[in-house]
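The same subunit A turns up in both complexes below, where it pairs with subunit B and then with subunit C.
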Partner chain A sequence: MWKYLFKRLIQIVITLYIYASIVFIIVYMQPGDISQIYINDPQIPPEAREALLERLGLNQPVHIQYINFMKNLFTGNLGISFSQYPRPVWELIKERLPRTVALFVIATLLYFSLGFYLGKLIAWKRGGLIDYSATVIGVVLFTVYTPWFAILLLWIFGYKLGWLPIGKFNDPLLWRQYEIDQNLVFGYIVGVGGAALLFLFVVFLLGRKLYLPRALRWTIHLGALGLVTAVIVYLLWSTTIGLLARDILYHMILPAITVTLIAFGGTMLLMRDSMLEVTREDYVLAAKAKGLPDKAVRDKHAARNALLPVVTSFVLALAFTVDGGIITETIFSWPGMGLLLLQAVLEEDMPLAIGALVFTGIFALVAHLVADILYAFLDPRIRYD
Partner chain B sequence: MKFVRFAALLVVGLLLVVGAHNQAGAQGENIFVAAIHSDLKGVFCSLSASTGANNTVWNFYVWGPSAHMSLYGITTLGQQPFPSLAKDFATPFTQEGGLWVSTVELLPGVKWSDGTELTAEDVAFTFNTFATVLPTGRTLSLELGGGWANPAFDLIDRVEAVDTYTVKFYLKEKPGLAQWEFTLLLWDIFQKKFWEPKFQEALQSDDPVRSLAAIECPGEPSAAPFVTKQWQPGAFAEIVANPNYSFKGTIATEYQDADGNIVGYEEQLPEALGGGTRSAGTTSGDGISVALRTEEGPFVDGVIYSLFGDQSSAALAVISGEVDYHFNPLGYGLATLNQLEAAEGVRVIKNASNGVFYLSFNLRKSPFNYVEFRRAVRCVIDKEFVANELLAGQVIPAYSPVPPGNAFWHRTLTEEEKAEACIGLSEEERLARARQMLEEAGFVFEGGRLAQDPEGNPIGQLELLHPNAAYDNNRNIFGLHIVDRLQKLGIPVRDVPAGFNNIVTLVFDRQDFDMWQLGWGLGLYPDYLEAFFHSRNTQPGGNSPQGGVCSAREDALTGCQQEFDRIADEFLAEQDLQRAQELAREMQRLIFQWAAYVPTHYVQQQDAYRADRINWQGLEDKPILDGLQGGAAFVGLVVKTQ
Partner chain C sequence: MATAPAPPKSPTGRHLESPWRARLRLMRRGLATNWSLFWESRIGPIGLFIILFYGLLAVAHPILMATIWDPEIYDPIIGYDPNPGPAWHMEKVNQYLVPKHPAPPSAKHWLGTDPWGRDIFSQLAYSARAEFFLGVMAALITVIIGTLVAAVSAYYGGFVDTFFMRLADVVLLFPVIAFLIVLGGMFQLNMYSLALVLGIIGGFGGITIVLKSQALSIKVKPFIEAAKVAGGSHLHVILRHIIPNLLPLSFLYMMFNVTSAIFSEAVLSFFGILNLQMSWGMMVQMANISGYLTGDAITKAWWIFFPASVSITALCAAFYLVGRGLDEIVNPRLRKM
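Right after this comes the complex of A and B.
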């Protein structure tokens, strides 16, 4: 296993080098550069454009720029943003990442849970009304024109019903009173949420490994869930940061629901297909023949074995949460990594565009490794030498 | 997966609980909430905000009403320079030992937000600092780039504080209006006490520009109506009313003649500034009446610039009352505009934007080096049809690079010129007239297709580079119309829709093109006419990629370029406003005559706001160049009623 891990790490470094080179070439091949922004303004003399090109190193030959970029990349320096001069690219990524992670991890959890549950259900009752209606709804939402659907939800819940805010991730009139850095609050949400999930995961894992009686296991599970909920509610309602975190969570409801509704169909159909394969297996027939309850056959024998592709998809989706979603972030005024990347490309901010893409690439490569390791964990037939 | 289900349940439960307990915003203060569409650039400081590529219109919206004032200001309707921090107009330039000298007296009693007085030391410090020549050989002004870049600082030898309220400018050359009244006297004044140590430290560093651009300065001492308070990146920026704003309560009155022309301006200063009156132009007499009278604010406790990623959601926020005002320089789509105009309590006002969109030609190549060809192209373009029918009145047909909203400098076409431009003709008449122009000039048509120029050179496939629909639909539609009409005329042309960077690279940097369409955002003083058409700006990277006002062939025959260059140079050096106006209009006449540019349209500036909560003191009913967001209402005059 260690040998395999070492080999994979070497592969990751090589792949990252190739990927970063390709990203550099693609971004570099775009016509023009950021100094062309000056051409919009006849008041700015050509000398100022020359000064900008010198300052940003854009007057250097491309191979020098490439070598500098690679040197910086492998020493952990993604450079200085051109469009947000002189802020380092890392600083901008650190600023945008927590809010993207907070929204998209929650949305990913929601849509995978919904998709997994419905996929399992409709595969088991294939051909029935539930199967047809869930499939149609899932496919329609999966293929719906996202900006239109997001605006529609915003119009219904934000404007017509007035239940939820119209975009943004906070209420400036509330936040202006406290002058607390929003990233501190996002960090709080991600930190507390991450700790809660880790705690629950450990409790669930222990519950499984200790082979406790079912009733006791359920009691522990529910107790853990209740404890986590109580702690979180206390934190949210007893501190100023909790107050601001509530504000963010309140603003998160509509974008999270939108992403969930749009994306659950993919997971549902993946799970459905995987389940349909598994239900044809002999061991499922044997389980039924033994007289096991239908639910036990479905959940313990079929669904668990159908999990593999869904878990892969889940892990990769989690990795790509750092990439954000341009449409969701735009419509709901939730400027995260997706919009950062889009703006960087549009404004010819090469270090920022390359930095954001490389950062996402690193997450994707690591996620592939995690997915491979999870395979071995989930399916004892898989072993890595 | 059971764990994931439990985790999801926890998340759903929390979101529901939080949703049921949503908080309301703070009450009690009179806060003006404005929607913006792009986050601030750079770090949170006025200096960084205008440095290099950070210099965006969104930064301007936030920093415009806060931090800095200048020696002169611009009157709201008349658009003329008028003393602001200066007590009166600067003295005329006189020569002293080879330098040109002018003296400016400051208004006593102007305070910074920290309570200290604004003095001649602040003014001298500002100009001397921006004029500092760095080791690169360029001034700090040019090195900072963006909004700070201006060659006028090359003229400065030194600026001296003679006493507390007197500043003397020593310039190497006698400046024109463009460099003096419309640049240096409008320059932001920085507080010496706050900025001098920072500038000194930066100028001694390896990279002064980077050091300066990295300085964060929330709460920077401000002489302006507002002081910056905080920026939450990706969410909002906040400015608060300057408690020591010296000009609060100033009554400004603009006067008009019987024809509605703005002819005079008068200011009644508040007690804090001595309570005197100062004026310019005609403020009384037969037929003179008040065009606008406003009281300087601010009348709100603060302004929040709330970031909305999408225009539709920002418009919904205005309609729902979440937002008081929407900064929207791109204008609204027709559906959104209709929705806003139909909403109760919302008003949309439309003003001329200070920018122009145009078609131009590569004057170095045939057939574009023939003015008859360019005039024929101009003739077939039906701007009224495109603007009113295809674009449903969302844009205004253009005939001069200087927009009519900039009324003092704009020149309207004569009747002969209107006929020359084929205004009012039908499609068939335009095509017939254009063909006649070409044939009379010696162009040869074969089988309905333009085949040869007057010298017998064959005419190959031509291209029009124009912005694609994703970049700008208005220009895309104009581009398609132009190509359609030219093809009907028999000119072998095809349209090449492209993004901004592609067009700029081909046209401005490589000068490898036939025809192109783009647009300019313009300043108040029309020195851009020199930038666009003077022969000194025709090199790659210059502002005149088409090659001047006429082709080299035409210049050799008529001296058209030399004539234009002479007028443009005279205009740049001119110090008399009336003479400068004559020269600017003469340049516009020549530009029309030689048809190097075919202006296509101007866009409207549309301001949407809550009319039930905001009172602009009558400004909303007046034509204002660039609209409320152009600065008139936000530099002090922010009025909100509760």
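Right after this comes the complex of A and C.
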């Protein structure tokens, strides 16, 4: 196992190196550079543009730039953004990351739960009306033309009904009354949400492992759920940060629902296929023959074993939340990582574009490893040696 | 007079059929079974009908242009209709009746006209051909590359295998849309180059991993050993024994790749990155840049972006559904018990 881990880590470093090189080459090959933005500005003469190039190190030969870039990358220095000079790339990523992570982690949790639940259901009722309709609806939403769908939802809920805000993640009129950093609020949302989920998970796990009587277990579960809800409601409605967090969450509803609707189909179909394979296994037949209730066979014997591929894809999806969604973020003008990357690419901001791509790359590579390890942990038949 | 040699007799006394005919009969029987499985999946045929519908649309466009449509009016790119229907479609400016575009759907323009006075239905049908071309082309390139790479890396293993698998990891790391935006800045991407780029990215990406795991399970089958013992070269084993057994799965993934290619085109067009005259994505983008996707304007001229958006969704979903239908044939574990 350790040997496997070591081998994989070395492979990750090599893969990352190749990936960063390809990113560098592709971004470098783009025509023009940052100084071209000022080409139409008569205030900035050619000499000033050349001075700009010299100061940013863009007039050096390619290989020197490449070596400098690699040296900096492996010492954890992603450089300084050109378009938002002199802010370091790290600072920009740190600023954008919580927004994207908060939105997309919530959306990912939502669509995976929905997809898992529906997939379980339609596989069990295979061939029924619900199976066909859920599959067709899931596929159509999965392949829907995202910009159009998001704009329609925006128009219906934001414009026509006026229930939800149109774009952006906060209400400036509210925020300017308080001098509180937006990222602090995002940090609280992610932190409190994560803590609540962890607490609930531990309580549910303990409840199962301790073999308590059914009634007591349910009381504990409901109590924990009530406690968490009460604490969250208290935090949201009593503090200033809670007020601002409510504002953010209010802005988050529509994008989160859109992402959920678009993405749940994939998880649902994955779960359905996995379920269909498991239901052919002998132990499911044995459980049925034992006379267990249908629901118990479905939930305890089939669904848990069918969960494996879904968990793997969940880990990968979580890793790609740092990437954000360029389409979603553009339509909802949600200034997260996706928009940062798009903006960097369009403005030829090389360090920022490379930095954002490499950063998401590291996440994805590590997530691949975590998914593999988790797979071996969940399915003892798999051994790495 | 020489008599023709009598056909060989089988042990039961009946005439043996020629091997070609036997093969044909088996193929027909296989096709019939597969077709009934595909039909029973129910979702597959839905997709197939939608694809057929758009296929007919694509075929109908040049015929309509050559026969009943006046090219001056109905040309999808440079057409203009100075008289888009009844009087209430016209606007009065200084006593003169001036055509009002976008004009709503009417008998003359089934799906109305766009802000520049072009017929939407003509644009839709004209673009259908390009979408089919792009989707099928990109998917074909993906599948050819993916199948070859998977077969080779499963057969040889070792360094070749590691190389292609890590390459797939690297390709999977790229946020495809962002990458294509960068590429769109470097090259003028049109349908051909876009199909090529999407095909290559897809071919070295996730599809190789899936196909390789299938190729690995084929590689350990006894007939591969038998082919090697009989003196088959590496190339022979790969081309005649591994790849034909991979093809059903490749074909299945081709359907999913058609979906992603059409979708990518539509999204990139929406961002205004592709160099195309007309496509479904461009139709939505043109509605967007002329302001018909913002605020209340959505209700003013729904017909200029609804047909294209619905078509993108429908065709993407159709290929995906066909893929799901084929899945039940290729993947016996999904069949009904």
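Simple rule for what comes next: the second predicted complex is superposed on the first by the 378 of 385 C-alpha atoms of A that agree within 3 Å, B and C clash if a C-alpha of one lies under 4 Å from a C-alpha of the other, contacts with A are read in each partner's own complex, and residues count from 1 in each chain.
We adopt the following convention: contacts are C-beta pairs under 8 Å (C-beta built on N, C-alpha and C of every residue); 3 or more make two chains touch, one makes a residue touch a chain.
No experiment lies behind these values; they were computed from the predicted model shown.
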Quiz item: For A:E281, is the partner it touches subunit B (first), subunit C (second), both, or none of the two (neither)?
Solution: neither
Quiz item: Just subunit B (first), just subunit C (second), both, or neither: which does A:R246 touch?
Solution: first
Quiz item: Is A:V139 contacted by the first partner subunit B, the second partner subunit C, both or neither?
Solution: second
Practice problem: Have a look at where A:I151 lands relative to subunit B and subunit C in the superposition and call it first, second, both or neither. | Solution: both
Quiz item: Which partner does A:H221 contact after superposing on A: first (subunit B), second (subunit C), both, neither?
Solution: first
Quiz item: For A:D379, is the partner it touches subunit B (first), subunit C (second), both, or none of the two (neither)?
Solution: neither
Quiz item: First (subunit B), second (subunit C), both or neither: which does A:R55 touch?
Solution: first
Self-check item: Between subunit B and subunit C, more extensive residue contact with subunit A
Solution: B
Exercise. Could you tell me if A:L174 is touching subunit B, subunit C, both of them or neither one (first, second, both, neither)?
Key: first
Quiz item: So which bits of subunit A does subunit B touch that subunit C touches too?
Solution: 30-31, 151, 155, 159, 330
Self-check item: subunit A contact footprint on subunit C (complex, rising order)
Solution: 42-43, 46, 166, 169-170, 172-175, 177-179, 181-183, 185-186, 259, 263, 266-267, 270-271, 284, 293, 295-296, 298, 305, 309, 312-313, 316-317, 320-321, 324, 327, 331, 333-334, 336-337
Practice problem: Name, in rising order, each residue of subunit A that touches subunit C in their complex. | Solution: 11, 14-15, 18-19, 22, 26-27, 29-31, 126-127, 132, 135-136, 139-140, 142-149, 151-152, 155, 159, 269, 273, 276-277, 280, 323, 326-327, 330, 338, 341-342, 345-346, 353, 357, 360-361, 364-365, 368
Quiz item: Once bound in the complex, which stretches of subunit A touch subunit B?
Solution: 30-32, 34-49, 51-52, 54-55, 80, 82-87, 95-96, 99, 106, 109-110, 112-114, 116-117, 151, 154-155, 158-159, 162-177, 179, 181-182, 196-197, 200-201, 204, 221, 225, 228-229, 232-233, 236, 243, 246-247, 249-250, 252-253, 256, 303, 307, 310, 314, 329-336, 339, 347-349
Quiz prompt | Touching residues (chain side subunit B, partner subunit A) in the complex | solution = 1-15, 17-19, 21-26, 31, 33, 39, 41-43, 48, 51-54, 136, 138, 142-143, 145-146, 149-151, 209-210, 213-214, 229-230, 232-236, 238, 302, 304, 306-310, 312-313, 316-317, 319-320, 322, 499-502, 504-506, 508-509, 520-523, 528, 531-532, 541-543
